[in-house]
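Going by the order they are written in, the chains are A, B, C, D and E; count residues from 1 in each one.
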Amino acid sequence: MIRLPLALFFSAVLFSSGVYGVLARRNAVMVLMSIELMLNAVNVNLIAFSQRLHDVTGQVFALFVIAVAAAEVGIGLAIVILIYRNRETINVDEVNLLKW
Amino acid sequence: MVAAAEAALSNPGFLRYTWVIALLPLVSATLILFFGKRTPGKGPIYGILALAAGFVMSVAVLWHFVTGGAPYSSSVTWFEVGTFRLELGQYVDGLTAVMVTMVTAISLCIHVYSIGYMQGDKRYTWFFVVLSLFTGAMLNVVVTDNLFQLLVGWEIMGICSYLLIGHWWEEHANSSAAIKAFITTKTGDIPFLFGIFTLVFATGFATTNIQQIGEMASRGEVSTVLLTAGALLLFGGSIGKSAQFPLHVWLPDAMAGPTPVSAQIHAATMVAAGVYLVARTFSVFVHANPIALHVVAAIGGVTLVIAALLALVQDDIKKVLAYSTISQLAYMMAALGLGEAGYAAGMFHLFTHAFFKALLFLAAGSVIHAVHSNNMSEMGGLRKPMPRTFWTYLIGSLALAGVPPLSGFFSKDELIHAAYKAHDYPIMITLLAGAVITAFYTTRMVMLTFFGDYRGHGHPHESPAVMTGPLAALAGATVVVGFLGFAPTKAPFLDWVFFEHPEAAEVSVLVVGLSILVAGTGILVAYALYRRYRERDPLTALGPVYSLLEHKYYLDDIYWKGIVLPIRDKASAFANWTSQVILDGVVNGAARVARALSGLVNGFDRNVLDGAVNGVAQTAGFTGGLLRYIQSGNVQRYAAFLFTGVVILAIVFTRF
Amino acid sequence: MSAQEYAFAVLALVGSVSAIRMVTAKNVVHAALYLVVTLAMVGGVYLVLAAEFVAWVQILIYVGAIVILFLFGLMLTKAPIGREALDNQQRGFALLVSLAVLAGLVFLIQDAFAWSDPKIEPVHGTTAALGESLFRQYVLPFEAVSFLLLAALIGAVVLSRKDDRP
Amino acid sequence: MTIDYHAILPELILSGTLLLVLIADAFIRPRRKWLAMPLSFIGVLAALIAALTLIGSDRTTFSGMYRVDNFALLFKVFFLSVALVVLLISLRYFREGRWYQGEYYYLLLTSFLGAVMMPSSRDLLMLFISLELVSAPGFLIVAFRKSDPRSNEAGIKFFLIGVLSTAVMLYGMSLIYGLTGTTNLSSIGQVLASTLPAGRQTLADAAILFIVAGFAFKVSAVPFQFWAPDTYEGAPVPVAAFLATASKAAGFAGLLQLMFVAFPSQWEFWTPVFAALSIATMTIGNLVALQQRQVVRLLAYSSIAQAGYMLLPFALVSADPVVNKEAFSAATTYILIYAVMTLGAFAVVVALSRESEGLLISDFRGLMRRAPVLAVGMVTFMVSLAGIPPTGGFWAKFLVFKAGIDRGGIGVALAVVMLLNSVASLYYYLLIPREMVFAEPEIERPFRSPVLVTGVAMLATLAILAIGVYPELFYHFPPLSTLVGR
Amino acid sequence: MSGWDKSAISIATFLPLVGAFVIAFMPRDRERLIRGLGILFTGAALAVAIAIAIGFDYGGSGLQFEVSARWIDVIGARYHVGVDGISLPLYLLTFVLSFLCAIYTWRFVPNPGRTKAFLALQLLLETGMAGTFIAFDLVLFFIFWELVLVPMYFLIGIWGSANREYAAIKFFLYTLFGSVFMLLGFLGMYFRSNIGGAHTFDVIQLQQFAASGGFTQGFQVVVFAAIFLGFAIKVPMWPFHTWLPDAHTEAPTVGSVLLAGVLLKMGTYGFVRIALPMLPYAAQKYAPWIGLLAAIAIVYAALACLAQKDLKRLIAFSSVGHMGFVMLAIATLTPIGIDAAIFGMVAHGIITGMLFFCVGSIYDRYHTRQIVDLGGGLMQKLPYLGGVFAFVAIASLGLPGLAGFWGEVMALLSAFSPASSLNTGLFRGYMVAGGVGTILTAGYFLWMLQRVNMGTLPDKWREAALPDVLAVEWVSWVPLLVATVALGVFPRFLFGVTNEAVTALMHLFGG
């Protein structure tokens, strides 16, 4: 017996703090973490709705999101490490050879 | 045999071929153009043959009217625009006959004369091409029966005058004179063109035929307003071509051309056309609001006097003749301005004047040929070395001065008589005054040229027969033709040329007396003044008036400084400037805006486009602008914009 | 307000707080730990919402795997410590944007779903149905995801492997 | 339930191929690594044939989640052909770069697998997965020139923005799911068509916006385009070609389905959004392109501007099914023709990039002398991109104008904006021809370009001209393969 | 209809295109072969065109050699081509000029050579120009219309003089700018048209539809504005003329000849063929303004000419003035006006084309076009070239008996009594302006002749060995010179062709 808005607010908080992290953090890994927060927010929504609607699809969706998230993290870290090897830094705001 | 010939001539069917007279010179022009250089004598022969043939035919045509034949006209369709039909046609009446005879005769003389005069000229053949074309155009004007065809001949004459006046175009002055002549007459042609439009429009695009328009006018089927407008506009054309005030300025300069050309222009073609046009379309003038004729008369009167006065002060012999021409033409205009009364007289004067003016010019040419100068101040005493020239010249001058029994006397007498008969005393007085001045400057000219002692260089000698021959012929004509209008001989001319109905010749002792008197006075006064040559012209005593005349009433200056230069230099520069700067500026401005925007967005200018579009200015001012900030290469800033975008879109489109 | 709701509220609160701390922490390792907490709380939320399977997957994959990955990443790249080192210049702007997002979402949500109703009545034992549909209805995306993971794996290996040639 | 294997045959063949490539690569000796390319080429060809066998059929499987109809087939065939081309222009490039060829082709094919699945996905989940399948390998191959920091940078940028927008999109999807209780596009359409309470209506709109944002990233629409220029420039050129065509087209394929199947009832809300996106995209793209000097970047901005043109038809959607149909086919046609021109252009760039890295416009100097075929091709592509007849590009634009005029009102306004844009764009599109034709080359020696690449360029040229002269060739399909009015 | 009737114009129109391809695949170094092919193909096309002109039924007013084949069903565009009295003269003119240009190219290939590309583009251009005059489907018309842009862009950009790239891009962008709005207008008409429930791009059908009052007045006013922009820029009418002087001045001789000779006519032709009959109401509303612009153009261009120092630029401006007469004639919306307009177009094509030939040859001898540098005396140095130049200049200032005259006079006449729906007084005002324009025109041409042809030759040229008119030049010029005289003496050659068609058109126009 849980109010739906409560769940949604929670996800909203997660989402927006994720947004903040993505925009404010220099360290690429931290940025990735923040993105994970946002994805979790999505999942919270999905689960909440699926239970609200008594429909399993939401949970399935959530599982897929988690899987994809894992993949993304793998890719992301790979690229980060690659950059680190070439540039000795993973500060996103220093990665700006390409501009204009 | 003779009877047969007479039959053939009196047969109106012969008139059917009048147009051939007009065609022949055109053909000869073409022949000279393409084969002239390859024919012995370098070409003039074609022109002479054509004109000779033309002359014979025109005599035959004239004969038809001598024997009291009826006018004849015929036409074929030229082309159609919409429902509007233009025609090629001919209208042959007494006037036409006289004109063709006159033109062919004089032009023939000029051709022959030119063989001698132009001998050795580097564009000898070309000269005859244009000369023939010129004559052909004039004949075309004379023969045609409709306005558009007339216009064609009219303008071709214009270009021919341009080519001939500028014949020696190496001299800048000559080419300028040529341009002046063309542009000035063209200025008259535009009203003329619009006049044609008006008349054609007045007939509801039914016809361009002059006679038909005339009939419609006389039947009152055409609104007087349109008629008047048409008449005045047409007269604009005449003003230009016949060098009437205020468009007379081109004629004196036209002396820049070879002398035969001057003769051609002044006697046979060009200027005659202007008068002829008025005569040909006379019914339009007559049935229009009287104002039309008044204008004609007024212009004639004014021109008559001012031109004659200008003739007084000229040193260049040809200029004297030029101004005399203007003033003589003005006589005709004034006469025509009198209405029906002056019609025949005007035409008669046109006829006689053609002969003695041609004579004078050719004779003057022969003088110039001898002394290599136009200035009378470098002549004098020429009667001894060149007697033939002298005598012919004298005949011409006396005719011009209006001394009986020479042609000039009769025609001028008729003019004055016409004015008298029409009770138009202002005109009459003007004519008489003109006669005095004419007599005066003519005498002055003769005295300065042929009497006293020779003041020029070298030893002048008589010109070759090929030149003096025509002189003699024209002199003879000058003596004879006058009697065509001599009352005691029942003035046959008046039976050939008349408006609507022929009028009987009358003699008024008063008028005859008056004209002899004025002529005499002019001659005597002049003789008195110029018996002995003086360095300073006696007329300089007139003081300010003299300088006013010397400066041609400052008209040329006014035209040049007040019209030509402002247009040629100021207005044109302005137009060019607006095009380059304003209009093109807008176009390039658009480019500049695009560039500025992209510069703004891009933040700075990489000179990628430098010079490709000049409007695209260097937008260095935007250095460190938007794009630099946005496309900073910093991915987090991208992200920031991404979210801002979403948020803004969300707010804008979900709330509103 | 029911017990479940209390539990949910508490979990959510803790999760939120630690999430915020995570994106503001001065120390990367702390941040990683905060992330762990948040993820765990989310997992708890799933439990409360009776989505057991998803909850366990969450715990296993996220807390078990992904966070470890992150820690490896951090260590491999010797992430520095300290706010200046960790945050960039547009922090203020970031705060602005994120707050805007939060506000917007909250507004929209409360506008869409009244606070009182609707309520979620969690039904337990959905796992069977979940597996059922996952391997019947959703087999295609399932396969697709497997391809995705494989690709990610291969690619990650290729990129992060040290090359013999520069 | 049973699975319709024929329906997913192309996907099966493709996935089989890519696994084969992966395995084979392990056993091929380094100097033979390029063999992966012909292998994948054959596979794709087979998949293409399989797809062709399906033409005309309309099959649904996986309980309505996956549909194979004309629309899907049109795009499948298109994607597979693009795949062939990309493979062709990749061979020489990667062989000379000696980058991990096997893995590259494997990842490329995976990406195309996602693309091929995209137009059949009639379910939010399916769309999401396909999109990821297109993107994720993309992130990797963009960074494939490992030793080049620019390439890495391209990778990280592409990746971060990509993931970010995925997250946003997912959030939107979750909300839509919550509001409609389903993830199936057509049922979503039905639910949304029935009136929701005001508040939820608004939330739905916001959700749609989030989802659109996700795809806007894929098609690089302003303000989600920032990654594109940097990424295109940094990525290996063939990959840039892939991103500019297949990946973009995939995004549009998804967008078309969402807008025309799931959210048509909300048009009053989202058409203005698309109008704004379209205008902003085409204008910014063109303005910035005006000053680019680096060819790939120029093409990147051009592709952004073009995306703006492609988004325009979406803004024309209304209650009138006729116009919708027109707009739909306009968008589809534009995407397809655009891909042909862009591929051609990129082929030429690939050929030239062997001479100079970071190709500048000035590097085209006098190409007309050195490589007439390529030059003529390039001129054709540029003129076509600018939309001058008689080239394919004109017809693409023509259809959009036509739809706009038919829509009337806002449509006409948009058409005018687009017209002005295309006129302005001509300027920078002519920069390259100018260099090639007007200027004399510094190096006289004829330019030797890979035979495959030249072939591709010629092929594209002919295609463009053929379409230009007889557009019926192309116009024929989109109207048939419409999602509208079903 | 026989196969010939079906195929004739298609053959004539696309033969040059074939030629372009053939030449494109010739080896670059086979100069003579390439030039020969150029002459061959243009000649062949001309032959076919002449055959068409011979087979043409001058009595009939309708479309002849008509072909209407399915082309793009989806948008209802058809390959509908044919010729009538209005398009035939311009169609023929296109082939004649192209042929003569090809001949001229036999001897004169401007820097930087590259004959192959030069001729190929020339041929491509020819197809585009010819197609415009026979297209009876708006889409087809537009395609041909735009087809000329690219070749002309390159002709100017590669073989032009100093400032060529600017001129080229300006020409391209400016005309394109106009034509896109024209395209919008076409689409608008398409959707408003209703032929048995279907939309159409077909010119004939649209004309009939419009004649039956199909288009509402408001709609017409809007669409006319759009189409007007496209045509007016092409003509070019004042104040859209600024691209012309640049393009002409920079373009190579052949480019200028074709530009002045044919390209400009596409705009005026568009007015006659599309704008007027399809939007009669708007035409009447706009006519006074068009007339005004035309009148301004006549006087303005003449004045601008007086200020020009570059011979070619002067002539470029002069064509602005001449097209002004054409537009004035069109604006009167009378049969006489339209006839005059077409006559003016052809005459201008012949005469101005010839003028550009002359200037090109003068430049080829002296390597300068600055009137000051030439310094006069051309007639002394090169009497024949000077003579031809003078002749053409005089023809251009509208001397009766030469082609230039009738277009001008009839234009003025039509302005004297414009269509009943128009303000007569106003148009008579325009007529007067036109008259003044003719005087000024005479002025600047004669002044030009005085400064270039007449006077004495500057010493710097005295020694220079400059060839007078060459055989090639005679061959490529004589036809034009003959045509100039022929049309002047027998205007029926042209009026006879156009009259029927124009009358029919205006009847349909009803204005």
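Simple rule for what comes next: contacts are C-beta pairs under 8 Å (C-beta built on N, C-alpha and C of every residue); 3 or more make two chains touch, one makes a residue touch a chain.
On a predicted model such as this, the values are computed, not experimentally measured, just so you know.
Identification of common neighbours of subunit B and subunit E yields D. The minimal number of chain-to-chain contact steps leading from subunit A to subunit E is 2. Centroid distances from subunit C, each centroid being the mean of CA atoms, peak for B. Among the chains, the centre nearest to the mean of all shown protein C-alpha atoms is found for E. Of all chains, the one whose mean C-alpha position sits at the greatest distance from that of subunit D is B.
With each centre defined as the average position of its C-alpha atoms, the distance from subunit C to subunit E rounds to 72 Å.
Look at where the CA atoms of subunit A average out and do the same for subunit D: the two points lie 26 Å apart.
Mean C-alpha position of subunit B lies 76 Å from that of subunit D.
Subunit A and subunit C have centres, each the mean of its CA atoms, that are 6 Å apart. Residues of subunit C in contact with at least two other chains: 88, 90, 93-94, 97, 101, 104, 108-109, 113, 138, 141, 145, 148, 151-152, 155-156, 159. Looking at subunit D, one finds that residues 125, 129, 132, 136, 139-140, 143, 146-147, 155-157, 160, 164, 168, 202, 206, 229-230, 427, 434 touch two or more other chains. For subunit E, residues touching at least two other chains, in rising order: 165, 169, 173.
Screening every pair of chains for touch gives A-B, A-C, A-D, B-C, B-D, B-E, C-D, D-E. Those residues of subunit D that touch subunit C in the complex are listed here as 1, 3, 8, 15, 18, 22, 62-63, 65-66, 98, 100, 103, 106-107, 110, 113-114, 117, 125-126, 129-130, 132-133, 136-137, 139-141, 143-144, 146-147, 155, 179, 197, 199-200, 202-203, 206.
The touching residues of subunit D, counted against subunit A in their complex, run 124-125, 128-129, 132, 136, 139-140, 143, 146-147, 149-150, 152-157, 159-160, 163-164, 166-168, 170-171, 173-175, 177-178, 181-183, 229-230, 233-234.
Residue ranges on subunit C touching subunit B, taken from their complex, read 88, 90, 93-94, 97, 100-101, 104, 108.
The residues of subunit E lying in touch with subunit D in their complex are 71-75, 112, 117, 139, 142-143, 146-147, 149-150, 153-154, 157-158, 164-165, 169, 172-173, 176-177, 180-181, 183-184, 187-188, 190-191.
By the touch criterion stated above, subunit B contacts subunit C in their complex at residues 636-637, 640, 643-644, 647, 650-651, 654.
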